[in-house]
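Presented sequentially are two complexes of chain A, the first with chain B as partner and the second with chain C.
Now for the complex of A and B:
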């Protein structure tokens, strides 16, 4: 493996970690509510702006601004669930009875609303978030990486691990998984499915916003900054298996590495097409994704 | 009976005349509607759209405060294209058919301009291309389309000349995947073949919506060129510049960074690039130290009073676009399209940047103001204002590389 290959592998894995932060939330929402949140990229955008403006305009230290961005994203998630999502399934215990087709329109509308709201309120200009560390270059063998990117990758690993552990072992995590498996069954067992939905939306919004905040010194906050990461997340959720958190993590890392190598050894022009090609191949040969379950619905 | 009939007819005629008089008077004072297509929301460059809008509004105010054009005020009818060709096409259609504007201007993105001029050509309505740089816009040869702004061949020859004077051997352009970016990358290649045929040149096209350019930058780190030319627009250009800097590629002791996109004009430039912008050489269409006509100074001062921002190139290009329309209406003594197009073709007008005339040569020079003034300057400090930057050369003057700032090894 040559120096540039190591470089590409490391950068691909780091990019994959950032994709994972985004995709986990989207996957959770699909698992619980069986809807695709088309405004997911805008939670990421709001997080990038929240971190940048809290740190730059209010002068709050970056290590406080970062968790605050998570809180802003979680609050936006809570607000979205209570005002826009809840009316779609209020009174229904089975997701099969939910008016989930409306969710596509509602979340798509929310996406456009948030982009234009930020454009008008904050302005069209891009803002670069302050880095967590000022070190611009760290040399690790053949790999040269910015200090912020390295630190952000470490934080992303920690946040992904904590999220996965919470979902696997915590009381609320177990309830979320139960609702994900069978909403009606979970409600018959006494689980508050509405509360599970709120928690998932808050967690999803918080994680997306946290990813946006973490990356704002790299991607620069702008009103349309969330569009591409959201598209990647949709691809990852399908590759990993709809609703599967481990699947989303592995698919994210896989996509990051594939894009990194493909951009150099095939063409940078097709970098964003690699994910779509993988998506088509999976839909043809393994539609349930890496960790999803085969199923039929009548 | 006949006398009674004549009296009645006279009465009717007087009544009609009494009704019509105010209408005729109102027509004389009706505003001159000028259509504007700009980006006011993503994914196009809203920053550029805002600068163009400010420039047009400043120019309209100057014209209207001076009594308008033969007593008629200028009214801007603004449409948002989002920088998308399909939106630009429908915006021009609406302006031409529903709003009945006398001319259309403001467009600042080549792809949108290329779509808009097709409709303007169909309706034979004057179209002043404010900032679409693509040579293809001119090469179409549409008589309705006039270009007082910059063009790719001009930047191409300026960039090639600078590369020659820097004495570089290998040059890479990083261009966005648009008509503007690809066209300009090719124009630089063509110009280099003429002025510096020994220079090895290639260009990379990157998606302007992408947020990570590392896979394109990493191979450059392994084999750094002598100069990198940026042909991307914000915000993608900022991300790319930061990643170039973080990887130690450019600006560096080995590699010059040359900007052909006017990045330093953007108010958010320094906030987004910091150290990555220090040492960058810039192809500039405006610099406070450039010689400028009195109208340019007036527009610059009015803009600063309005926005508290430093003047920028798009401000002047937009203002000139509107001044040219007003000048053509005045000379044609009409807002009829055919008369306006004829008057625009005969333009000889001292605007904000110099005396504007339109060439009739074929190709990229068609209906183009060929002598668009430009300079090369270098940003030598972080957060440096354009006015404080080092003016390296003006058009036609040689550049001395020994006087340029370069990072230490």
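Now for the complex of A and C:
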């Protein structure tokens, strides 16, 4: 492995970490409601704007603006769940027929709405968030990274680890996993499934917004900035198995590395297509992903 | 707890007789709307507004085609704009490189986009709901990336110049209207035949439809191919109208507009999406002049209609007529 390969691998893994922040939430939502949230990228976009505007316009220190972006995303997730997701499970029996279509339409509509609302209210210009540290580049052997990216990667690792631990061991985490394994069974065991889905949406929105905030010094947030990260997280969730959190983390790192190498060794122009092709192949031939369980219906 | 939709969506689906009556009423309403559209050039000669109406008709065809697939067959594809793009590039490339006349190019576009639709429909046969939406979304994005990155062939985002077909804008207006009415009649005949029942049976319960002897594989694939061919037709017409083909035709935002029109008009109704295409597009041009909030308004309407008025404007109108009839 030459120096450039090490550099590509490390930078790919770091990109993968940010993908993981997005994909975990999406995967949890799929697990618990069996829907894909097509507005997921807009949580990311809102997070980037929240961080940038809170830090720059209000002059709040970046270390306070960062958690505030998480809070904004979580609130948006809560609002989405309460206003739009309830019909998916709260006893609207006649909705069974068009349930999947409803979820796609309503989240797709929400995505368009948020993009255009931000475009009109904040403006279509790109915003660049303030970096957490000013160090422009750090040299680690053959690897070149900006100081902000390195620090953001460290924070991302910490947040991912805490989230994964919470899902695995905390009381609510166990309840969420129970609901995603078997909704009816969980509710018979006394688990409040509505509350579980509120928590999942808040966590999902918060994590996506947090990813947007962490990346805002790099991505030049514009209203449609969330579209590609969202597509990446759909790919990851399918690769990792819909609903599986460890699967989502591993698939994120995998995709980050594949894109990083593919852009250099195969084609730079088509770097965004590799994942899409993987996504189609997986959906057609192995819809349960690398780690997901094959669907079982009773 | 029930949502405030005025009528149950399943209410009118029992039996061929009822379904046919429903479709016929919708067909007549759509014809009346098209007759009104046909009279507009008598009063409006402003080329800008005629252009707006022509683009509305382009979207009306796309919304109608997507509605056949999503509204009537329950296959929620996120690639309708992509098939329009494929149709536009088929005739565009043929014309640009081989000098194929537009009319022949349009026929080729229908065939090519129909074939691609057939293949995609066959591939995604077993996928439902979110899986289908994601697969078609990635198909759409891959196609758009290919179109915008194959710069040597398609000139990428600069766009490909293609020959025009008609000189007069009013001529284009009636050409598009003719295409729209022809497709409307075609869809009506399709839906009124047994095929229409098969498609709706598949949407309502695929397993039951198969048990009742419906050839699910054939009809699902056929719906995909027909919808794709109609979208490709619209895209090819548009290519010669605009005299330019760009990858922007396949943007996900375009699909967003098509979905909005269909949902606001009423999914699974013949007239709703057509009429809504005009309302949404003309209104959006008008809103553009007064502050540019058009997309915010339409996206909000999509969410509100999907959440509270599942049968769209058509359902609201029908409920209003029924209430008025009783009073």
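By our rule, the second predicted complex is superposed on the first by the 281 of 298 C-alpha atoms of A that agree within 3 Å, B and C clash if a C-alpha of one lies under 4 Å from a C-alpha of the other, contacts with A are read in each partner's own complex, and residues count from 1 in each chain.
By definition in this document, contacts are C-beta pairs under 8 Å (C-beta built on N, C-alpha and C of every residue); 3 or more make two chains touch, one makes a residue touch a chain.
This structure is a prediction, so every number in the text was calculated from the model and none was measured.
Annotation: superposed three-chain arrangement on chain A; chain B versus chain C shows a clash.
Counting residues of chain A touched by each partner, chain B versus chain C, the larger count belongs to C. Of the two partner chains placed by the overlay, only chain C lies in contact with A:287; chain B stays clear of it. Touch criterion not met for A:82: it reaches neither chain B nor chain C. Within the superposed three-chain model, A:116 lies in touch with chain B and with chain C [touch as defined at top].
In the superposition on chain A, contact of A:277 is made with chain C only, not with chain B.
By the touch criterion defined above, A:102 reaches chain C but does not reach chain B. The contact surfaces that chain B and chain C form on chain A in the two complexes overlap at residues 115-116, 119, 227, 269, 272. Across the complex, chain A is touched by residues 41-43, 46-47, 49-50, 177, 204-207, 209-216, 218-219, 221-222, 234-235, 238-239, 242-243, 245-248, 266-268, 271-275 of chain B.
Of all residues in chain C, those touching chain A in their complex are 1-3, 8-10, 70, 74, 76, 78, 123-124, 127-131, 133-135, 137-139, 141-142, 145-146, 149, 204, 252-253, 256, 259-260, 263, 267, 292-293, 295-296, 298-300, 302-303, 306-307, 310. Within the complex formed with chain C, the chain A residues making contact are 30, 34-36, 38, 83-84, 87, 90-92, 94-95, 97-106, 108-113, 115-117, 119-120, 227, 231, 234-235, 238, 269-270, 272-273, 276-277, 279-280, 283-284, 287.
For chain A in complex with chain B, the touching residues are 3-4, 7-8, 11, 15, 115-116, 119, 124-128, 136-137, 144-146, 149, 215, 218-220, 222-225, 227-229, 259-260, 263-264, 268-269, 271-272.
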